[in-house]
């Protein structure tokens, strides 16, 4: 395979990219006469050197000078360590951070569980989550399951509730489990809302 | 204008229909050799004869035998008359009814207010709403503003709050005003949710 | 079924309309307090009274004073009766007329043939077409099969070619059969064009 | 800027990619623990080393052993050098090659001209094209302007016709100029075709 086809093949495995757009990426780089290609190689090298995965929340983060393997959120003393939000992926964590509405800590699950998944531990960091909860025993007061409002998200929430209940019952730790509130998302219209969304919007109406 | 063009013109003013689809409607009728056209004329005649607008909630409803001008919801003694939900249109009322999550009464506003609308009374039934609230004085405990979660919906909510506050202050009646809860609609994904939706989803998290 | 539901049901069988939009049509009419409903009933009555189906080309047309059952195109002496264009539906005929690029006569087939259709005569006016071609014997010099450039269109073209060849061989009439030219439609981009379209665009390049 | 943000920024300048998808690319790479990142760096290095731009047609091509700066199409003796097709970009050339319907040579223009562009030579390789045509004098019999069937494509065709006419008049060379044929693209429907497409489909009808 020549280098144009090889690079096209790698780009076509990127999320949401087909072979045609992958080819356009390659021509985009070629038309820029190596300038952008060099920038890209440098940025990829830097990504490898300067990024770590946090050993506590498992998110990826830019390494700091101390070379700590714990990220800036997990080491931030102003955050409330009694609150733990479990999110599927780094992008979900980014979205919640950007909303500036949460001041607790996170755990990045690494994925979601399709219905009838037989090997959950291969899809999500369930063993790592167990260790995290054990470690935080006594401190933890609430675990928030922040999943997408779709079938896979609900399936993952149900699975996690089952796993976490074992802890609630076995240990002396007393944490509650909560899920994100349902209602009208920004832009939602009554006419097209499903019954469940309407029911929740009514239940959580605010004065 | 010939009858094909005339009918096309009427259909093209239907909500969401352009001239091309309007023309397809006409050919659809012609190809059915008057059978469907006759059914349609009969159904339209019946609509005129058998449908009333409720003088209390302003929704359209099929006339009953007694010939009452009050609809079956407004005369239903099992419904909670201390709760009044204000909806923009009949289709919104239908959606809430279908969700079986509300057991109070309704008021159909007849539309929404665009931002900076100078003549609100031409767009929505604000005078009729005032009369309704006056009539229900003493009975009413809560008014739910059930608007779409978009700019026009919020503008309409703000306007109605202002109008209704006059009542709250002037009269002896004590009702609260609420709006529908915000959060994740069914299908919503964290990654694409706006900060406001995330904030509300977190605020209204359920144990 | 009440009259609102009945009318909703009729509208939901219109081409491209689902139950939700059908219901919006009904409320649209109700909100206009019978004015639009009356106009619609009148236009539908007129459609029945004032529209005929041409006994020669089978298109629907506004009746003229003479009460002829032949349409204005078929009786237009300035048109070239040696050219016959076969189109699937009235809307296709309208599109060709609007382009002002054809000066021959038409035959409206009434539909297209899905692949493997067992009873073509129930889908398209094949018997009527045979009679038309027999009638025009001696006059006809070319039949243009003007079908959509998709699988059903090509299947219909293939079927019609087979049927028409019988005429070409059996009779003394000498007409040719042609199909619409392929190439780049307005707006088409080379990068997204399929090989067949590119091949034809190249074949029919113009100086 | 940290390395995650820097790489996100580079990806977000790729054609058709916004900041959100760019970020997903970065996390996609991070989640693969450097394996894919290493492959990507290697493929980018290879792209720089092993790809040339043809000095005759200006397309990008994988270098061959001889290290020639002329591509495999331009050196292919079986191709018809009397036919020159001018295409906007490499992706267009790829599409035509894939259709296996053209056996002449190419010239990649490097872009198209927006209407009222004041500096055409900064957008497209007009000087290089002039040299190419001069070089092929005597050999060239036809130049095919293979542009997209949209406003910019037509504008570019018009500009190129003007430029090339100078050559036709000034020199002894006798080449014709042609543009790609218009008609129905695969999938096109009569009802939605514009008048121009219908006119051309009729003009280029095939027996």
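Here the chain labels run A, B, C and D in written order, and each chain numbers its own residues starting at 1.
We take it that a residue touches a chain if its C-beta (ideal position, glycine included) is under 8 Å from a C-beta of that chain, and two chains touch if they have at least 3 such contacts.
Because the structure is predicted, anything quoted here is derived from the model rather than measured.
Novice: Count the touching C-beta pairs: is B-C or C-D ahead?
Specialist: C-D
Novice: Based on mean C-alpha positions, I'd like to know which chain lies farthest from chain D.
Specialist: So the farthest one, by centre of C-alpha atoms, is B.
Novice: Give, as an integer number of Å, the spacing between the C-alpha centres of chain D and chain B.
Specialist: Their C-alpha centroids are separated by 54 Å.
Novice: Could you work out how far the Cα centre of chain C sits from that of chain D, in whole Å?
Specialist: Each chain's C-alpha centroid was found; their separation is 38 Å.
Novice: Multi-chain contacts only, two chains or more: what residues does chain B have there?
Specialist: Residue numbers touching two or more other chains: 89, 91, 94, 191.
Novice: Please output the residues of chain A touching chain D within their complex, sorted ascending.
Specialist: These residues of chain A touch chain D: 2-4, 6-7, 10, 13-16, 21, 23-31, 34, 36-41, 43-51, 53, 60, 62, 89-91, 94, 110.
Novice: Using the touch rule from the top, collect the residues of chain A that touch chain B in their complex.
Specialist: 87-89, 91-92, 95-96, 98-102, 144, 146-150, 176-207
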